Amino acid sequence: MAKIGLVDTTFARVDMASYARKEIEANWPKAQIVQRTVPGVKDLPVACKKLLDEGCDIVMAFGMPGKEPIDKQCAHEASMGIIQAQLQTSKHIIEVFVHEEEGRNDADLKKVCINRAVKHAMNAAEMVFKPENLRNRAVTGARQGREDRGGIE
Amino acid sequence: MAKIGLVDTTFARVDMASYARKEIEANWPKAQIVQRTVPGVKDLPVACKKLLDEGCDIVMAFGMPGKEPIDKQCAHEASMGIIQAQLQTSKHIIEVFVHEEEGRNDADLKKVCINRAVKHAMNAAEMVFKPENLRNRAVTGARQGREDRGGIE
Amino acid sequence: MAKIGLVDTTFARVDMASYARKEIEANWPKAQIVQRTVPGVKDLPVACKKLLDEGCDIVMAFGMPGKEPIDKQCAHEASMGIIQAQLQTSKHIIEVFVHEEEGRNDADLKKVCINRAVKHAMNAAEMVFKPENLRNRAVTGARQGREDRGGIE
Amino acid sequence: MAKIGLVDTTFARVDMASYARKEIEANWPKAQIVQRTVPGVKDLPVACKKLLDEGCDIVMAFGMPGKEPIDKQCAHEASMGIIQAQLQTSKHIIEVFVHEEEGRNDADLKKVCINRAVKHAMNAAEMVFKPENLRNRAVTGARQGREDRGGIE
Amino acid sequence: MAKIGLVDTTFARVDMASYARKEIEANWPKAQIVQRTVPGVKDLPVACKKLLDEGCDIVMAFGMPGKEPIDKQCAHEASMGIIQAQLQTSKHIIEVFVHEEEGRNDADLKKVCINRAVKHAMNAAEMVFKPENLRNRAVTGARQGREDRGGIE
């Protein structure tokens, strides 16, 4: 029975983990889900690693970096750490970050968050349960957060 | 009995570690606290790792990077090292950095420092004693140093 | 019997892995090929490492980063992870990234992709089967994606 | 008996290691000192690690990066490596870098170098012999190379 | 009997490894030399690590990054990997990179390449055979590629 970890932050402003959780529960009722919260994105790498060490097959890391240069640097540092945590455990962590300036306003930002969280929840679950589904969507210009772009004919 | 490490620098100009210590002692009297000081932020990663190796359950790393580009680079390098130290030990290090330009003047800078130190002290202690409290504050737009922003309805 | 791994993304828009596969099959019929797909370039490092851990002698990692600053940062983070994965396994991963702005238009972009995929497929296969061939092409100003530049006489 | 390593470069133009050595010998006559030289700052991380592996309790790494962007990048890479070397060995390396543009002219640059080398020599020796001395100088706005700034009252 | 590895790329346009090889053979006839070629600079880190794992005492890594921003990023990633490979093996890798814009034209570029390759070949051989020679050239403002700058009196 596959176990999926979800880690989010107190810093974020949209509850992406809950949207991901619903998507997984609706489509993969047998998946076991574990949830954790940390202060900010830089606390995500080790939190994800701990969940993978405790038996999760895959972890989703949700974060909402702000728009200042320092926020960009924090997101970069977090991403580097998330990649290192994967290499240490040989398991995937799906990073689901939405940058504040991706939304035209709060409502639009929320829409991007939900779209990205739900699409990546499908990715994460399939990577564990049906990795061949990912193969079928290879090079289709898939986008999480907005419309897919499609491949070049 | 949980053990919390506090590491600060001779470079900094506000005694954030003492504010954090008081906050922890007032609310979690059973916590054991260990304190260390190093020259600058780039000395923090290994100092934190040593405390975690010596049995601390969590460590807080306090730093006050200056406003020059070289200071930004030092802070970035320190942050990368702090994330690596966490991944090596599978324990959390709460980075509490206040950049000099975050304050409008010395008095305002000190206010930011105290606010951030105290709020993160609460985060650190709860991550050890009551991690479910963090879950309850998930995606609330929490900010350390200034007012919380709140979530998007 | 050498085993070559190919990993691409759902994000990409040109099927570079198939062009590489054909090149390898045409020239090195004994090579065994394994293929995987992940969502984006930042998921490539651990996917490559898993294939190397499962017995691949070399892996090719295909990605098509977009043109925004955030895309550049993602590509940088992916590249750092791909280098780390190589150092952990002591095996080569050939990174085959084509940046969206490398093409004047979709048709030109596709041409760059095919050229780079095919030339790097030859590199990857030779690094496993005939590394001395690489020695013979040393410092020839070789380019993948466009024309070679040649060495300085 | 504590052993302190000093590593400098052929690239540098001021003999910081000798000033540090004199400071240590004058104040901590029992310290054993080992010295090495490498070509440039990017050769420092592994040179420091080797000295730590060979029994040094702490190492000082002296470098003088130039003023071009490529020099800044080299210094950044060296610093990242120095932090990693510390995390691998769980011992401190005190980085003593002086950037060429820190001096108004050669004479001023030399003054900055000597001040920084001597103050950090004191830091390094105390971190081994009397770490509580660092605690006493915590958050005093200490600067190496120029005047201390003092804490915020 | 010391063993020195030389790794270059098909991307480069000047045969620096051959100039280095001749310098070593002329002055250290007992040195055993092993040569490898990889496609580009990002393939150098693991190639160097493999040579060190196979018994080389030191490795020289030759690369010629182009002048575009993406080339600078590749060189940076390669340098980070080369430093990590050294820290993993506790052996030195001498990075010999010449950036395309360092030469005023092809002829000048070639001159820089040869000067840097030859001087670093001397550094590499001495680091293995006579490390005390490096100590004697400490802080002399040594430059590879152009004239030495000299120390500050």
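We just call them A, B, C, D and E in the order they show up, numbering each chain from 1.
The rule is short, and it goes like this: a residue touches a chain if its C-beta (ideal position, glycine included) is under 8 Å from a C-beta of that chain, and two chains touch if they have at least 3 such contacts.
Note that the coordinates shown come from a computational prediction; the quantities given were computed from them, not determined experimentally.
Trainee: Can you list every chain that touches chain C and also touches chain D?
Mentor: Intersection of chain C and chain D contact lists gives E.
Trainee: Could you tell me the distance, in whole angstrom, between the mean C-alpha positions of chain C and chain E?
Mentor: 25
Trainee: Please report how many Å separate the Cα centroid of chain A from that of chain E, as a whole number.
Mentor: 41
Trainee: Show the residues in chain D shared as contacts by 2 or more other chains, in ascending order.
Mentor: Chain D, residues with two or more chain partners: 80, 84.
Trainee: Work through the pairs of chains, note which ones touch, and then classify the graph as line, ring, star, complete or other.
Mentor: Basically the chains close up into a ring.
Trainee: Can you list the ring's chains in order, from chain C toward chain E?
Mentor: C, E, D, B, A
Trainee: Residues of chain D touching chain E in their complex?
Mentor: 8-17, 35-39, 42-43, 45-47, 49-50, 53, 70, 73-74, 77-78, 80-81, 84-85, 88, 106-107, 109-110
Trainee: Which residues of chain E touch chain D in their complex?
Mentor: 72, 76, 79-80, 82-84, 86-87, 90-95, 99, 120, 123, 127, 131, 134-135, 137-144, 149-152
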